[in-house]
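A, B, C and D label the chains in the order they appear, each numbered from 1.
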Amino acid sequence: MTTSDTSTETLTAWDRVQLARNVQRPHTLDMVRGLCEHFVELHGDRRFGDDAAIVGGMATLQGRTVMIVGHQKGRNARENVQRHFGMPRPEGYRKALRLFRHAEKFGFPLLCFIDTPGADPERESEERGQANAIAECIMAMTNLRVPIIATVIGEGGSGGALAIGVADRMLMMENAIYSVISPEGCASILWRDAAKAPDAARAMRITAADVHELGIADAVIAEPAGGAHTDIAAAVESAALVIREHLEQLTGDEIATTLACRYQKYRAIGRFHERQQALLGVQAGEPLPFVV
Amino acid sequence: MTTSDTSTETLTAWDRVQLARNVQRPHTLDMVRGLCEHFVELHGDRRFGDDAAIVGGMATLQGRTVMIVGHQKGRNARENVQRHFGMPRPEGYRKALRLFRHAEKFGFPLLCFIDTPGADPERESEERGQANAIAECIMAMTNLRVPIIATVIGEGGSGGALAIGVADRMLMMENAIYSVISPEGCASILWRDAAKAPDAARAMRITAADVHELGIADAVIAEPAGGAHTDIAAAVESAALVIREHLEQLTGDEIATTLACRYQKYRAIGRFHERQQALLGVQAGEPLPFVV
Amino acid sequence: MKEFFRRNKKSFAPVQREGESQIPDNLWAKCPACRELIYQKQLTDSLKVCPKCSHHLRLVPHEWLGLLDHGSFVEHDADLWPADPLGFVSPKEAYADKLRLTQEKLGQADAVISGLGTIDGRRLALAICDFSFIGGSMGSVYGEKMTRAAERAAELELPLLTINGSGGARMQEGVISLMQMAKISMALTRLAAVQQPHIALLVDPCFGGVLASYPSVADIIIAEPGANIGFAGSRVVSQTIGGKMPAKHQTAEYMFEHGFVDMVTPRADLRATLSRLLTLYGAQTNAGLPRLDARLIEQEVRAGG
Amino acid sequence: MKEFFRRNKKSFAPVQREGESQIPDNLWAKCPACRELIYQKQLTDSLKVCPKCSHHLRLVPHEWLGLLDHGSFVEHDADLWPADPLGFVSPKEAYADKLRLTQEKLGQADAVISGLGTIDGRRLALAICDFSFIGGSMGSVYGEKMTRAAERAAELELPLLTINGSGGARMQEGVISLMQMAKISMALTRLAAVQQPHIALLVDPCFGGVLASYPSVADIIIAEPGANIGFAGSRVVSQTIGGKMPAKHQTAEYMFEHGFVDMVTPRADLRATLSRLLTLYGAQTNAGLPRLDARLIEQEVRAGG
């Protein structure tokens, strides 16, 4: 793990949210440019359309061919309209799914870059099966027969992020966030006031450090002091070092080993208690409530 | 092979076309009712929609679970609007594809029933990838790891038929047709007159007897005298006997054997000459025209 | 100790929650859809389907258990209890308090009941969401119980039935709840590996991170008529307070029309449909009923005891 | 005996058809799209892309061979000749006559040229449709040559490039032509089994049974700008006479927009794009150039002799 010890360590969760959303941060295509050679972008889901909110393609990394799939945000209003603010529609996820299968067919390791406020929630996306598209991506990643490294480079927004985020290594940039619901959404429900988003951001433990501490992120990637947007090249190089290291580890393993580890990695996520029937006054040996 | 020796033997190709298109013929759901038990229809492509021009589902046949996929025409105007005259749209083929994969996952033999004028040619179908949908179905059937029996029960219309027609056994009802283009289409091009369809029908050799003689249909299923529509129950029973027999043969083989035979079956289709360079006056040993 | 409202071979019989006082038959209930007043007995006899407008009222897990053969259900993993991994506190309430209050009110630990049972003699694993428990939201216990249900089905080579009514992920468990989507999907790969089906029943309401994971990739997807089903809006629906209702288009029928659901099945036909599906999946791979591995029976006894 | 119009490492050099008289550079050609008169030499230098409107004129197979490294192409299966399996006769003409006349006019047996070659030193198998041969229609010879090209690529573990410009199936071979769709798809399963890619280039025009089979399931699909590409209308387009033209929406750009094509690549960039793709597919599985199996070289020599 590479942990930063820059001045950003004193930032609040809400400060990190602002940094994660900064449009000047390195986005997926910046990562690809800094990390890889020979990038060829592939388009289309072969079903319905080509969604610019997800980009993907093949490239070489240290002489090895890899498949890249990532959310893509824009840097200005025009780009963000084209990229739909990085909120994929079902055809974006189905493009991702196609590229996952392509990677598997040819044995290309898969590198995913997560940077989305969430999947597009509009009616047209529902109509074309947003839930199905996300579910199929997740399902495909669970046993895709190539190594997968997912890096949260900005916003990790709920299911729309996880759809390209089931991985052997889950990395987070220091100022990236990963959240089951936007801080604003959480605040509007549990605080009854969206303006309490800073409180919700803290309570949900969405920063890279939090998610790492929860055992879900495998490593945190240091950013330049002031945040990744202040020195994109340095930020990308920092990520590249960590990604290359993990890729090297993973490609050394048999794929069966990788898959078994991936299973265990996700199997272990969750915090609960066992054998506490006493809590409700039920004693061991008593009939269970719903045995009929 | 079951060959009929009823009076229908004297029918012209064009007569057969009329019989194949008779709306009172047994359609896929009639076949299912006559052939199987416990039919459960499955719907939807999990992508875009549910196309009533293709029906499918699971059923039991002699105690074995099979997957059924077939074109479905209507018997009257209302039904035919609903069924789009048996002309599937891309979502119909993608439903078929989903059911193919379902059959493969659970090891259910696949029974297809072909009865379509062709795939829907409208702009909306182009837009959603009619060509891709057909191509994916064909590709999937080439190495689907379950036995496949395809029966042409009425019209076998071009790629729209073949999309559910790549099979270990290709059977044809006696008055069914299988054609690369409709007789009317062929006539309008090569006869410059759609009214010459009867001539085109004969020239293209589209009847069951023709297609069997060409080595493409494995068997012809006898129909009641006067055609299948005169006695649906008898026609279905006639088909059921042949289908059951072939299914029994196929399920006795290892799937690897089945796949190898399927490869050879299609590999062998085609008529051409080899080593006839002399035709153009090129002698053996001369440099080939396009070696650069 | 156990009471059955009704026994109908053709459909199914809701089972009363143990310890719950039986509601007298002469009470009235109001249909939440058409506002009609209905005799409690009539509602029970119709499996909580409104006799006037056919609205399918929500069932709690013990009512769903009536789908199974009488006496066949054995609960598993009842000893899993939620933790509070984030120490989550909002002005409205602390998560730990919310859990405790809900547990006390409902007499159960979390939002999923799971176990083994039979339908017409065919064994299956099942897991049922309880929307009444914090909107059926998916936290660690939900994820673990679904995961174990899938793993158990895989190990025993049984079909898995999931009954899914949930608002989505449980935000009080943060990103841990999100990851349950992946965890359950992982377990389903084991089920697929032994060629056993996952049949997902979508019931009112089914949203968000739940819909966007395991039920949407089930081998067979059945929805209840009129059920609200959708992706977006989940986070709001999952909470009982505030928030907008599901959009008009987020219904079982809409999902069916757009190709995402195999069938919309009225509750009265559900048991027969499931029975037929189990027959179809069992015809080839299972000659008769699969038997339990002795080691597993022991585990079950331990877990159940 | 061989002449090269042009040699440009960055793009590619059309190769003249042997025996064809070289067109003098000072002749004029008319762009079929914008009707501009263009110097023949200018057209040749631009790879038959109109300098005024960027319209990509059709190339015949020997021109496409310029995509390959100079001198690297070895033709295969040139000794396959069409039969007339149905004895097809229409008032317009007998199929056998049409074949003979077309063969004499074009100096080739049927609509596909196939073989092996290299791009930037990387070997590949390729098969190219010739639209000028009865609309590039897919009969038995087309099917057999594509099938052998795919099988050869599989056996040698080489990528396969197909260049597809065709009106669709050849109706004069009836249902036999239709079955070529399945036959070629069969052969592609062998290519997939050795993890070698099929790269399909869609050129003007690509329709019907050709588009609806192997090119649409290629690993990479590249289309030429402005190419007419579509499913319906094929049967008409495939014939030179009569019939409506492709609809406005049946273009490479439309296909790209709707997600069915990976990229629309101007002809000038094509060789570089293919070279990069071959590098990517070759980086892991092939350390350097794959070598020919000695037995196959022998077969090639026999087949080619």
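Note that in this section a contact is a pair of C-beta atoms (placed from the backbone, for glycine too) under 8 Å apart; a residue touches a chain by one contact, two chains touch by 3 or more.
Keep in mind the model is a prediction, meaning the values are calculated, not measured.
Undergrad: Where the contacts of chain C and chain D overlap, which chains show up?
TA: A, B
Undergrad: Going by C-alpha centroids, which chain is farthest from chain B? Tell me that one.
TA: A
Undergrad: Where the centres are mean C-alpha positions, what is the separation of chain B from chain D, in Å?
TA: 29
Undergrad: Can you compute the centre-to-centre distance for chain A and chain B, using the mean CA position of each chain? Integer Å is fine.
TA: Once rounded, the distance between the two centres reads 45 Å.
Undergrad: From the mean C-alpha coordinate of chain A to that of chain D, what's the distance rounded to whole Å?
TA: Chain centres of chain A and chain D, defined by C-alpha means, are spaced 41 Å apart.
Undergrad: Could you list which residues of chain C touch at least two other chains?
TA: 216, 258-260
Undergrad: Chain B: which residues touch two or more other chains?
TA: Each of 46-48, 128-129, 132 in chain B touches at least two other chains.
Undergrad: Applying that definition of touch, give me each pair of chains that meets it.
TA: Touch list across chains, by label: A-B, A-C, A-D, B-C, B-D.
Undergrad: Would you tell me which residues of chain B are touching chain A in their complex?
TA: That would be residues 46-48, 94, 128-129, 132 of chain B.
Undergrad: Show me the residue ranges of chain C that touch chain A in the complex, using the header's touch definition.
TA: Contacts found on chain C: 1-2, 15, 17-19, 61-62, 65, 68, 70-75, 78-83, 85-86, 88-92, 103-104, 107-109, 113, 115, 140-141, 143-144, 147, 169, 171, 173-183, 185-189, 208-209, 211-217, 230-233, 235-236, 239, 241-243, 247, 249-250, 258-260, 304-305.
Undergrad: What does chain B use to touch chain C in their complex?
TA: Interface residues on the chain B side: 38, 40-50, 58-60, 63-65, 91, 95, 102, 105-108.
Undergrad: Would you pull the chain B residues touching chain D in the complex into a rising list?
TA: Against chain D, chain B makes touches at 119, 121-123, 125-132, 134-136, 138-139, 141-143, 156, 158-159, 162-163, 165-166, 178-181, 185-186, 188-192, 199-200, 203-206, 211, 214, 216, 262-263, 266-267, 269-277, 279-280, 284-285, 287-292.
Undergrad: Using the touch definition from the top, list the residues of chain D that touch chain A in their complex.
TA: On the chain D side, the touching residues are 192, 195, 197, 216, 219-220, 256-263, 273, 276-277, 279-281, 283-285.
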